[in-house]
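A short worksheet on the structure shown next.
Naming follows writing order (A, B and C), and every chain is counted from residue 1.
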Amino acid sequence: MQQDKGLTNLPEPSLLHRVMVMITIPAVVVALYLVFIWSPVERQMGVVQKIFYFHVGSAWNAFLAFGVVAVFSILFLITRKRIYDMIAGVSAEIGVVFTAIVLTTGPIWGRSAWNVWWNWEPRLTTTVILFFIYIAYITVRSLDMEWQKKGRLSAVLGVIGAINVPIVYMSVRWWESTLHPVVMGEGVEESGGGMEPSMLFTFIFTVLTMTLVYTVLMQKGIYIEKLRIHVAKLKAKQQEKMIS
Amino acid sequence: MIQSNNIIKTIGEKMILRGMNLEIASGETVAIIGPNGAGKSTWLKITAGLLKPTEGSLLIDEEPLKKDKYELQQIIGYLGHQSFLYEHFSPVENLRFFAKLYHVKKPDKRIDDLIEEVGLTFFKYEPVRSFSRGMIQRLAIARAILHDPKILLLDEPHTGLDQQAVDILNKVILRLKKKGVTVVLVTHDFPQVIKTCDRVIILKNGRVKDDIPLEGQDVNWLYTHYERQAIHS
Amino acid sequence: MKNLLLPALVIAGKDLYSEWKTRQIVTTMLIFSSLIIVTFSFAFDPSNQSVRVLIPGMIWIITIFAAILGLNRSFTTEQSNDHIHAFVVAPIDASSVFLGKFIANFIFVLIVQIIAIPLLFLLFDFRVLTIESIFYLVGIIFLGTFGFVSVGTFLAALSSNSKSSEMLLPILLLPLATPVVIAAVQATRIVLIDLEKLSSAMSWMQLMIAYDLIFFVAGLLLFEYVLEV
């Protein structure tokens, strides 16, 4: 019985995952060094500017994670393969963490750049909505149903949510420009354009490192999911034995 | 008429059907029996098009049952555990709604006849809410055969019915049988199996355990045979 | 056609007829929206003229909450006797269930708005309406409600799979409806308060049309996945 053999062998983390962990740990250390020690302190904002590296890196990963959710939701609806459902689910969980980072670092940045904790700037507002869509998605995933049904419903929500994000961005942008005709602080973009080379390098390096962290977390999450399924299967098998 | 090729169905982590192979010819009346959790209802739901098989295929009239197979859905009548009836509507209103969904021509005459056949003429305009279990089930069977299906799938139709309701139900089944309708009956009620069916299939652990013609057999034989097949082996 | 539009009308007709008999959903929605209006008048002094600027927001808050109330019922009533299964088995397109439910919900919400919005204007003594602004207001309400109800119907079907669907629906619906809510409130504000900026209201209406189309079509296409058992 092929199935029985599959049950006795625990799933193992892949070689790729081990290599990735080996790369990611030093990369994170280097990134921290570059951000806090190597890169110069910005003249106007001082040390607070350093949060920008993490802020943008997390924002990029949050949107990437949601993109992954959307793509794998569509794949799941077409093929109904469980692995796609797992990838989408894990990606959403990681995405919500990155979104939370964006939403905490954003106000800190805003306080020192624009002297307010929060403003309804399009990118920030879109991130808030994204955060809520993620929460809705995870709520659906935590419903008590068999995985086939749960996967189907959450995949549908993933697709709808992904369609919605650009529309939200557009409408918030529009709304913001009618409410506050003076578009305040093109802060993030400005520093993105006219950055000093060392800052730019640090910035790119941090974003790449955070993407690496995302990938490692993804692999870890999928591995945990696999173990979970393995346990459920063993349990189901044991129950069957007890009954008959 | 119905052809089930190696159907496997997994729900959650549980494998409910493990390779269901079954062929039912046109005009047969077949009972499917078996212990709880053997996959009887699941197989019937797949046949009705309510569930999709994980693997394998289900052919009706040599055609796979997929979504948008409206012609196939049109010839299947399905009665599940629930009646599908709206509680605040009267029998006539309920049947009229389903008649429209199934594009029944001249619905009013047909609805009148059916309501009479299941003995609910007197309650025609009462809301279903006030009905007893037996009356609801009688109306539900009228709903299932409203569109003159060629295949009738019944999931435990006799459960919780009194003698009168059982008789009405059997009469309907036998009338359809004479008309050449294929009837598949999932049930635990052996006397009714003997009364109505000409073939019985015993299911166990998601597979067909036994497949026997019923001609000339009585209830006691069926009980002993079932015990041998489904419980002891 | 035979398997999409006709069954949709049959299902919508069934819902409307059922509502005509029981008068449950629309009555509850109406009472609820009147209560919101009364609560508004406690929260914001109606005699104060500056409260006028809040009227557009109030219109849409009433719509959103009353609609959620009705949407919740829309599919839970189909759950009690597994009517959804009857729809899957019947020779109809899955999208027709969406279409039928959408039509019924849309009509319910419109009925509530026809009564609740004039009531709001009355109680808050809002009298600066012209024929032109009423004309545009009707258009905006139609577009905004269309978008909100189409996403709402879809998500109501999705959340009805859960046992606590009344709690799940608002969580799913409000973030996804953000664009249409923003657009509807902005367009209403312009039409009611400064009609000179009409061109801006027009572009908001275009955004609503785009949103309505996208989510209506997405709902039609994806509904079969929601309906599967």
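Convention: a residue touches a chain if its C-beta (ideal position, glycine included) is under 8 Å from a C-beta of that chain, and two chains touch if they have at least 3 such contacts.
Going by UniProt, the chains are A = Heme exporter protein C; B = Heme exporter protein A; C = Heme exporter protein B.
These figures come from a predicted structure and were not determined experimentally.
The chain with its Cα centroid farthest from the Cα centroid of chain B is A.
Among the chains present, the centre nearest to the common Cα mean is that of C. Note on chain placement: the centre of chain A and the centre of chain B lie 49 Å apart, centres being C-alpha means.
With centres taken as mean Cα positions, chain C sits 32 Å from chain A. Centre-to-centre, using mean CA coordinates, chain B is 40 Å away from chain C.
Of all residues in chain C, those touching 2 or more other chains are 228, listed in ascending order. Across the complex, chain B is touched by residues 146-148, 229, 232-233, 235-236, 244 of chain A.
Per the touch definition, chain A reaches chain C in the complex via residues 77, 129, 132-133, 135-136, 139-140, 143-145, 149, 152-153, 155-157, 159-161, 163-164, 167-168, 170-172, 174-175, 178. Listed in rising order, the residues of chain B touching chain A in the complex are 10-14, 205. The touching residues of chain B, counted against chain C in their complex, run 45, 48-52, 67-68, 70-71, 73-74, 76, 78, 80-89, 93, 97-98, 100-103. Contact residues on chain C toward chain B in their complex (touch as defined above): 2-3, 6-7, 10-11, 14, 17-18, 21-22, 80-83, 85-94, 224, 228-229.
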